[in-house]
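The following block contains the structure, expressed as structure tokens.
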């Protein structure tokens, strides 16, 4: 069986999309192709509420614009808005890396913590965990003070910053860590080695969970709030005029 | 003192914007001008997650595109996403009608309930009340089965539907009701008369609360997640390329 | 329109009542008269559970004893008991400064904190926020170690103590502060200037919110627990024998 | 060892006080004397917020006025305000019948429900359970539509009303019932027999728990909010001028 | 890569173990062998607290007694106790079907509900979801009144009972269902077809999630409460004397 | 009246059982006999999840094996699993020392904290308080780093460790302490003397509360999840084959 999963970056940085897709591909089963998707518009990095809310629309637009077939969508913006909209927009399974990371962390430890990029991103992550319903399992979200745009410029410094912040999160009571940015994808092994705890990369986990839902033949519920919008409802103007149902 | 408050509709229906502005104006103090704002793009009505998330971006775009001066923004989309982004986007006070209605209801009764339009809107309203932190005061959110587009077409039927749904919400334990759609603005008095309970219209309440914050000289905090984005951060493409700080 | 709002001090200190009324008046709209009310009996300052519960009865007694007309009551005891009783006692809108401050703070920041007088007052404030339903928005309540009776004696020391305590509350994660005592009324601007955050004075906010409820024509719900007591029910003895329905 | 426990009625009905004391005495161990206390002022029955808050002050006044020695106080007003104040007021252990009933119910079943008198009392009971911290164990509070003053007038009708309401509470998911009024004291056995579930009378439970705290040599903590008020603090006027520390 | 996953039944019914293993195998990826494990002792079916707590020990004993190699454990008792102990006992990943079903349901809908066997099992399921931290996503747990031992005896009746109960759970607000017994494994497709909602079988989901954790190279955290017991600690007597660390 | 209460140790250490029974006896009323029970198998000390879950089964087995008459069971394993099973297993009242200590602490202070033995025990205590429904009253659980087996070996060091840890818990906001291990029984007075706060020993409190339930004539509810198992249900093998209903 050949499976295609869209891994949608939340920002317009194509290099980050490529890195996300590569990590997702390396985590995927044989027969799965992970296709990176970069939104056509929006912020170059999402580190706070304005950007997060814009990415929600941009990511929906990017997926709604696809003309190729796909089996699932992985939303690769940690703590960003939008998963509920995507679940209403398309019929295929949707896995947000925030969800995947949190659920995997819950399977690996008693209380988890999140290491994210910058302070402005923390509040949105708390909101996302709260609406997801697992906020009580998360004891701490801390920022490593590494801007998304600087992650790759100096990987050694990034890893050091994650390590120091990870120790603080462990001090807060976490026994498992979650990487709080898709841009950190791939650093889980190194960080786990340094800290001696399981470290979860949401991109890898989300690709696996998406494969699972596909393999189990499950699709998003259509009897609740994720029921498709009526196709007769009107939109005004570009670029979101291209938003449409994919069934 | 002359005060200008933008009342931003969440959808592209200019007639609804005019109605919202009129209700807001009638609730306003002397010296306040309520200016209706219609997003340039987005859904003709917002009744679920896809539309709600798009309106968040469209409403920010609409406000970011203003070249006139204003003192506060009222976000006139009940239960819609976006208030956190707007607070980060602009320096002036921001009042979401969901917040205003909930807070006013808390001052008028012990437990409140919401009467909204259609079932697909309910989940987002619960999410909004939860992240606002007053979810436990709300005992029930029910839909009157009236599409936003049909509210004005048959006001008598709308009022009847609100009355019947309001009775059910009261049966759930509410002693005060909240109108769960900006399109219902102005029906609070009639509904209150029929049901014998206080009924809160969020548009009117939000205009008043916005005036209060202005009069008290308060602005949104800039030391937490609503601190302005760095102006050097990059955006790609129209129309959200026009998003910028207004200070 | 001429509006009269009773601002009821929770203690018997007439000088503090005068200060509260003055702050309330300065926050009020044109046409509003803020009338300070001092309970005839009770504690000279309320800084803990015994005093708080006595003030609840004394404040109700003070309002029940009024023979003049008024349009709303502002309860000017931060974190004190009694708002639910006052809502049942009178037909006019009631705004507790704890509520007003908390709601205004929620409109101005993401998480708020309270700076109060002495440690013995903290538990009651937490209880009040919890029953109000916004406890999760409050990250911290700290005491400045300033007795109510000492606030005015040395305003400079009071401001310094509030500043130091405010910094600690900000360190706890608050991005907006609430003044946790009516006696602090008027210090919000100075404290905001020193700390660079919005600081909310509940007295000022409550007067405004009370005006709003009056302007919007809303009264407390009478179908739930705030329905008036039957006038035939018996009371024994002074001074609470004077408690009666005002309608 | 001879032990004296004050069982303080929350209202001024001396006949009810006598009944409460009798039930408490019958539940007490040998060597314990249960002394009924009737407040000198306040409502003839407490069935809502105004009355509840007045009873809090009246009950503190009644205990503060005692000149005899006692070992503990049982507060016999179900769901009424005041236990935190009483704990600050006196050094001896304090047991509220709401607490005693809830804790006993938690030991006897998985989820409990409360059968109270009239609808106006329900909200205060929920508040009391919430601040006590066991709200999540309570699945339902329902009123039997029996006014406090009518309980004894027609015991058969009272028992029938409790039975019917108890069945509804069981239908809500309770497997143990709590009598939600001190005036119901003594009906637990009959009701338990009719419904086949454990029924807890808070007066009886509270007297036992008070004996336990005495026997174990425990007194209320004085390092937190129940630390005694400074005796130098001023009060104004009768009758609460008699409030003082009893140590 | 060849992967071996132990699917441990919670009861001593070997036929049910075989059915569980078969369902798990059919959900597994190529290269995975699902090995059914039956506890040597304990209840023939687990439908309440006594049985659930015994199965926790029996299942640990069964896994501790294995002398073969394995890569992960799936605990196939829905809502039963024990996952925390298993995580401490062995080094390999552990997935409880309750967790797997709940997390998968959260990815497929907005609010889920559980259809279980008999009423006596409901309380334990609520407890399990609460300690897991996703209790707020679950709107309802209802029993189909089908004893575990009767599931296979009349599959048609079982399916009919699940359908009727599933409709009630949907009426409670669920948009996705979870099969609340390992014995229901395999009925998810039929039930989903009848009800038009996603139905999650925890056995299938857990096998997939266990494969994911193995593929991602993750093991249970050893710095928190799942750190291995000291091997020097003493046990008394059979059969739990055989409990030991497997590393 | 002669009353017999079984105080069941959670581990196989007979000396600890004797100490528990002695403390329980000293707290008991005249006429009560506290009978220590040691499980026939299981861990020599319970300090984490594996051991806790095994003790749940072993303790049920120990009680099910009794052939003598008894009036109540006290479960003397702090934070250990099993109370729900015991309530289903037997008809007599069951009091877990975790419950008794928490409820007594709630009667003596505003927020309590727990001082337990070793870090591995903390998570289970939090779980136990959460399912009990009083988790929000507990501000902190800290370990004194004293293994259960070492408590008696050096009582002076144990007391010192408890004192230091108790101070930290008070610093976390507790105004009353709970001894988080049955092995600490009897140290409450000394610790209270040193720290100036009420310190609750769960064994003593549980014996008293068990006496109360007996005296009040209450038994565990049989209409909910604690309804007895059908005696026709099958078990396999020793030693739990001896589990049976005692009625």
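Residue numbering begins at 1 within each chain, and the chains themselves are lettered A, B, C, D, E and F in the order written.
Convention: a residue touches a chain if its C-beta (ideal position, glycine included) is under 8 Å from a C-beta of that chain, and two chains touch if they have at least 3 such contacts.
The model shown is predicted, which means the values in this text are computed figures rather than measured ones.
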item: Shortest contact path, chain A to chain F, counted in steps; value: 2
item: Chain D on chain E, rotation in degrees - Cα superposition, rounded to nearest 5; value: 120
item: Separation of mean Cα positions, chain C and chain B [Å, integer]; value: 27
item: Computed distance of Cα centres, chain D from chain A, in Å; value: 52
item: Overlap residues in chain A, where contacts from two or more other chains coincide; value: 84, 110, 123, 224-226
item: Chain contact topology (line, ring, star, complete or other); value: ring
item: Ordered ring members, chain D first, chain F second; value: D, F, E, A, B, C
item: Residues of chain B defined as touching chain A within the complex; value: 12, 39-45, 47-54, 56-58, 60, 81-82, 84-85, 87-89, 119-120, 122-124, 127, 130-131, 224-227, 229, 233-241, 243
item: In the complex, chain F residues that touch chain D; value: 27, 29, 84, 93-95, 99, 103-104, 106-111, 132-137, 170, 174-176, 189, 196-198, 200-201, 204-205, 208-209, 211-213, 215-226
